Amino acid sequence: MTDERLLDIEHLHVELPARRRGGEPRVVIHDVSLSVAPGESVGVVGESGSGKSMTTKAVSRLLPRGAATTGEIIFRGSSVLGLSGRELAQFRARRISTIYQDPRAHINPLRTIGDFLAEGVVASGAMTRTAALEAACALLRDVGVPDAERRLTQYPHQLSGGLLQRMMIVMALLPSPDLVLADEPTTALDVTVQSDVMAVLAEQIRDRSLGLLFITHDLDLAAAVTDSLAVMYAGVIVERGPSREVSTNPRHPYTAALLASRPSLSSVTRLTAIPGRPISAFEAGPGCVFAARCAYATDRCRAERPAPQLIEGRSVACHRAEELGSVLPKVAMA
Amino acid sequence: MAVVQLRLVRRGDPMLAIFGSLCGILVLVAIFGGALAPYAPDQTDILAASQGPSAQHLLGTDSLGRDILSRLLVGARLSFAGPALIVVASSVLGTAIALFSAWHGGWVDRLVARVLNVMFAVPGILVAVLAAAIFGAGFWAPVIALSVVYVPYIARVVRSAAVRQRHLPYVEACQLAGLSAWHICTWHLLRNVAPLVVAQATLGFGWALADFGATSFLGLGVQPPQAEWGVMISDGRSDLLTGAVQQSVSAGLAIVLAVVSFNIVGARLSARIGADG
Amino acid sequence: MNEPLLSVRSLRKVFGSRRSGDGLVAVDDVSFDLPQGGSLAIVGESGSGKTTTARIVAGLETATGGEILLDGRPIAGSRSRRGGHGIQMVFQDPFGSLDPRQKVGNAISEILAVRHTRAERRAQVLKLLSEVGLDERHAGEYPANLSGGQRQRVAIARALAQQPRVLILDEAVSALDVSVQAQVLNLLIDLRARLGISYLFVSHDLAVVRQVSDHCLVMQHGRVVEHGATGEVLDHPQDRYTRLLLDAVPRPGWTPRRRPSVSAV
Amino acid sequence: NPGGPTQQELVASLPPAKGAVDTVTWNLTTGEPDTLFPPNAATYSGGQVAANLCDTLLTFDAGFTLKPNLATFRQADPLTLVYTIRDDAKFWDGQPVTAEDVAYSMNRAKDPSTIVSFAYQNVQDITVTGKNEVTVKFARPDVMFNGGMASIGGMVLQKAFSEKAGETLGSSGGGLMCSGPFKLDSWRSGDSITVSLNDNYWNADRRPFAKQVKFTFVTDGTALVQALNAGEIDGAYEIPPSAIPALRNSQAGKLTFGPSMQSMLLSVATPDGPLSDVKLRQSLQTLVTRDELAKAVYNGAAMPVYTVLTPATWPNDQKTAYQAAYDPFVRERAYNIEKAKKLVGESTYQGQSLVMAIQSGDEAISRTAQLIQQQAKQVGVNIEIKPLTPLVFSQAGYDANKRAGIDLILGTSFNSAPEPLEPLGFDFLPDQVYNYTNYTNETVTNLLTEARQTFDGAERAKKIIAAQQIFEPESALVPLLSLHTVTFLNNRLAGGITSFAYWSTPQMAYVGSAK
Amino acid sequence: MATSVVGAVGTVLAASFVVFAALGFAPGDPVAQILGQKATEAERVAMRAQLGLDKPLLVRYWDWLTGVLHGDFGLSLTYRQDVTLLLGPRVSATLVLVAMSAVITLVVGVLLGTVGGVSARWRPLVNGLAGLGTAVPGFVAAVLLISVFAVGLGWFPTYGAGNGFGDQLWHLALPAVALSMAWAAYIAQITTASVTEEAGKEHVATAIGRGLPRLLVIRRHVLRNAFIPVLTVSGLMVGGLVAGSVVVENAFGIDGLGSLLVKGVLNKDYAVVNAVSLIIVVVFVVVTTVVDLVHTALDPRLRERT
């Protein structure tokens, strides 16, 4: 069973050093456990500051300097946190790839697209430059970019956001990794372009049966493209389970509230807003991270942090998960 | 503005605290140096000329028998007064130009940018020499010249900050609210660029100290018998050959110390402003 | 229907080279009416000219052509401040729309100073803040200490201080987290119901538009491609582009679709 | 004497050189000359270099006795001077020096646009009156004229070359054609002037020892000391006072103090103002410690003087007469703070600030000014030092408008010859530019005018001394120091003139190897 | 391209006119310098007319400008000769000095700054050195260097610019070090800051995340991008070095453009001052323009704008 797993994150806990000397270190990820099987797409959904990006950074070990990580990250059975410098480079170059939210900031503006695409595989010795460029061209055509040769000689600023995000996707796929981490790959894009880029990404991942860790704040989007879904709040995964289930039949009050505050495209309804604002892990009290905003919170919720419990194939971090199962509103399928 | 500085110091940055207090001490010396000096700075004693350090004269005497330590302490006043005036004048002028230019934008802004470019192209030392020729060598010539020379440096930095502010929606909100351009410029733009101006001015003070000393050294600025560090370096130059280095070297080190302190404080303040966003 | 509060006729905006005329046409022949107390949304993809239209109406940008009528009377086309005409605006970026070095209470009272005495002002500030769900404590805070949603409330309160008749909201909720966005949307809906202000609501989020507007305008490449009652447009889109837009919105059961070909950029 | 040599100890020339030397590198301490065109080469550097290149009609020996040089002279009558040019003199290009050339040169010098033209102010015309003869006709008798012919005013240029060179004559691009002991090789502006031995030089006494002399332009005292100590530069005149301590014990060469006719004095700059009070002026005479000044600021390169006529300007044969008249002033004007205080008290002076102008950039002058300021303060006189740029300072010298607001000018002046009338004429006759206080005294005027026309030395001395007794007590000039010529010469070399006569003689011709 | 050339020419014209006009305000009569103190007023008036000093400012500027365009910088009032001749050797001395300083500044500054930017371990040391360095003004550095290396150790000469290339390098070594000290430190600071900032950019994180070797990331993604601001500052640096050379030339007794300029201003030697300032302004403008062009060449985003 474990051998089948591509990525296992177990009780990940990340602390960043204090901003100022003498300050408290800041917890940004409190307790995250996740796993991705080969060919599986896992979505992570949460509002800003919940620690989604930190989770992906922890996987590729790109956390800010001074970050303290505990817990385990197992990739194909070996610990990522224990990799030596050379192994880490190999791991990053061949095993995983990351697609970021803002392609413009994540591509060196002074180098051509061709350089950008080929660089990784050439440096890791996987291909010669010519071969890499050829492979890139082929991939570009696969993701629906006409005129691939010309694109390779262009600079990032000459491309639109949507096109640039496709370049990112090509970059990520070129070394044939096992796992793709996509951190809000479409947030900066228009809906039409988002649909397009998502389609490309989903199709490529499926064709190659790669693992995908898909980060977004859009529950509907995540539900549409992933197999299983984790809902994150303040550094904690509050609910995890099959995408369809989680997005239609939430078992955690936060998931439910999130769904209820989404305006609907088809009808005018009074939205149920969640009072207060989203918090980061280090702002949370000793109890349930969502307690302060939760309509169902009890004293216990405020005092004691709930451990994830398995309910109907889902992992839910809520003391009242059982009893609330029937209370929480369900979402009808359109 | 001092309050801003204090608040920044309190936020705990040891470098800033150390060098900030050093700057404070130097400024106090500049103000009260006369009272600390064991001798009158221009009291000559030909019989005790060019002496090395001794109990009476801790740093020795210069070629006219004046006490070097006293001149160093008293010299802080002119050495600081000039740069202070330069920095204040150029900051006020530079900030005014920057705000005006950033507010109007368009061709006004382009014109201002061109004029500043021309000012960059005229070397400061040329302006200083010209000023010395026009106003006569002395305290004011370099003050006037360097005030003009520093304007583009201040204006450029402040302008880009002001332009950034100018395009923030809050400024447009103020405009929509019917507030006058003057009100917006002074109450919002100026207030927001003020910390930057302070930081820039502190940095500029270090540079001005060096440049002001250089004009005195060249004989275009403060003139002997006035005690001033640049003058002292120049005065002591002929003694270097006979091994009596204390005048030039002590004045040189005083300048270096002052410039280091103000530069570090200025850089730290700028960095903090950058961090504050 | 009685006379519209605000009418925009054949608005046109060209950016860039005015002499040679080869500038970028950001807004092209846009016309619409906004009735008293109504809410009109402008939707469209990025760069379609939504913001530009809104800014021209607010008087922050000068139109190249066309005219804007308030109560049937044209208002000066140039940079004259429309605030006095009862048009106010709330901006997208909650971080940039408040002076970082001004306490939020002062930001509001500064505007009231034009029309109110000092004594009236304080009470008025509190009233406005409570209107948007904030209280006295918030008045003494700097924007940096407020959350995005709170800032956006302050921005709304500030706009309300001018007793506007038209409130332009340019992506006013786009930068907010979903849970907070819902709060602000509710607030906006309530305010309109209570104060009878008209909204010109700019957004790219069709679901949001559905909640707050009566009518909507779909823009593409600076032109209006579809115009009608919001429900009608969203439920029965006529234009190909509107349909494309609608199809792209993720919702339960949705799958992303690849466009036949990517237009070369 | 810790202060430096006395008048008697000054050395006018060094023991002669023993042999030839290839190259001498000599520094021009006041910097690169503006021009070598003799009538305008009135600067220390310009005159010094020109003197090596161009022969003067007459010359002084090291003791300032007038001698024939390129010509002999005959005073035909008080209004006529006849010069006879020697026939063996040749220009560098081999052409003989003719009467034509001499008359041309003198007429060029006489042109009012030149700096030396003042020496020609009494000249009516200059004509060629024979094959080797040039006659100068005067409008008024002028005893000083011949002295002028022994320096830049009497230098002879080749007419043909000069006319061809036009405007650029004497500049680094234009060059010169003269008959002196050295030829001008090259002038690299900003770097050096190189001259080389003139093989055809007519005067065997002045045949140079050096094949080549390179003049450098180091003005910075520190750099100069370095270069001299390192032997990169062999010697220099006008060593700045601040460099003296460092050179005194040099291993590389020797310092020599020689007599000079330069002096430093403080002049009242305006006829009105607080200093129109004679008592206050007299207090200035005694409140300065001239000895300390000579020692501390000039490091011994100067000597106190007490009258406008400095001992150095006394003609050799009249020294006793002048000395006798001088001594009482020494006693009266010696440093005496009590006396100065008393004089100030008796004056109408109210403690106003007196503005003393100095030329900026001269370290020794600046220090002198500071010392005077301090000493004046002790007797209750407030002096404010005002440095002026050289241009403004020199303009203030002759333009009363530019002296507005200035009470005192501290400066140096020099005489080109031991001729008392030269300074006195400028300072004490009515309507003269340097007579800042509009001093007029009919007796003085008459005495000085007569003296100028008196050819008998003793008679002239009497008249001048009589005038001095009248103007000196109420003089608006405070003589301070007589400055020596300070010379440094590398030990490998010998010979050379060490008095200020170097300025009007081909001084480099005497410098040669010490072995 | 065309606009930048027009801008450069405009800058040169404006700056040279400002200098030209300002000189007219300086008191003192240049004729005094030529005629000496003993000339009469009539002679002075005549001389002024002969030199064209009685013409209006604009006419004089125009005359000068047309002259310059024909390669004629006019006649120096003090030296009575073509300014071109005066400039020749001094330009070369100052040029060698400035060039040496620029090389020292760039090599030392960029190397030090890169080390400080790339290595967090060395950064405090580099920052400390650079902070100290920027605080040592040229004239202070000159005095200190002279007392240690020339007077104390006697390793270097202290005067003159030397003859011939090798000699010139030897003579100008100390002055160049004095001149470049503060600027090298400044460049080191800028480089450190720029490299540190660039290293924190997201595209660098992408490169690292792709497993690119560290050196490759530093070279391709950090350094190349980080050098753009350094380049901009280098443009200003050349202006600063030229200005600073005046002070350093003075301290080391080098007869270069700087001392010629100071002397020219003090003597109101119009032709000299105008020529020297023109040279300085042109050097500055050319360097800034070249920097702009290089910047454009390095940064594809700028390429299409022009």
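Here the chain labels run A, B, C, D and E in written order, and each chain numbers its own residues starting at 1.
By definition in this document, a residue touches a chain if its C-beta (ideal position, glycine included) is under 8 Å from a C-beta of that chain, and two chains touch if they have at least 3 such contacts.
Computed from a prediction, not measured in an experiment: that's the story for all the values here.
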{"item": "Chain D reached from chain A - shortest hop count over touching chains", "value": "2"}
{"item": "Touching chain C and also chain D, the following chains", "value": "B"}
{"item": "Most distant chain from chain A, judged by the mean position of its C-alpha atoms", "value": "D"}
{"item": "Which of A-E and B-E has more C-beta contact pairs", "value": "B-E"}
{"item": "Between chain C and chain A, distance of the C-alpha-averaged centres to the nearest whole Å", "value": "32"}
{"item": "Intercentroid distance (Cα basis), chain D paired with chain B, Å", "value": "45"}
{"item": "Approximate Å spacing (C-alpha centroids) for the pair chain D, chain E", "value": "40"}
{"item": "Distance from chain E to chain C - Cα centre to Cα centre, in angstrom", "value": "53"}
{"item": "Junction residues of chain D - those touching two or more other chains", "value": "222, 226, 389, 392"}
{"item": "Sequence positions of chain B contacting 2 or more other chains", "value": "132-133, 136, 220, 237, 240-241"}
{"item": "Contacting residues of chain C [partner chain B, same complex]", "value": "58-60, 81-84, 87-89, 91-93, 96-102, 110-111, 114, 155, 158-159, 161-162"}
{"item": "Residue ranges of chain B in contact with chain C within the complex", "value": "168-170, 172-179, 187-188, 191-192, 277"}
{"item": "In the complex, chain A residues that touch chain E", "value": "60, 62, 65, 88-94, 97-98, 100, 102, 105-111, 119-120, 123-124, 155, 157, 171, 175"}
{"item": "Complex contact set, residues of chain A against chain C", "value": "47-48, 144-147, 159-160, 162-163, 166, 190-200, 202-203, 217-218, 220-221, 223-225, 247-248, 257-258, 261-275, 277-278, 293, 331-334"}
{"item": "Chain A-facing residues of chain C, complex", "value": "45-46, 147-150, 177-183, 185-186, 204-208, 210-211, 231, 234-235, 244-259, 261-262, 264-265"}
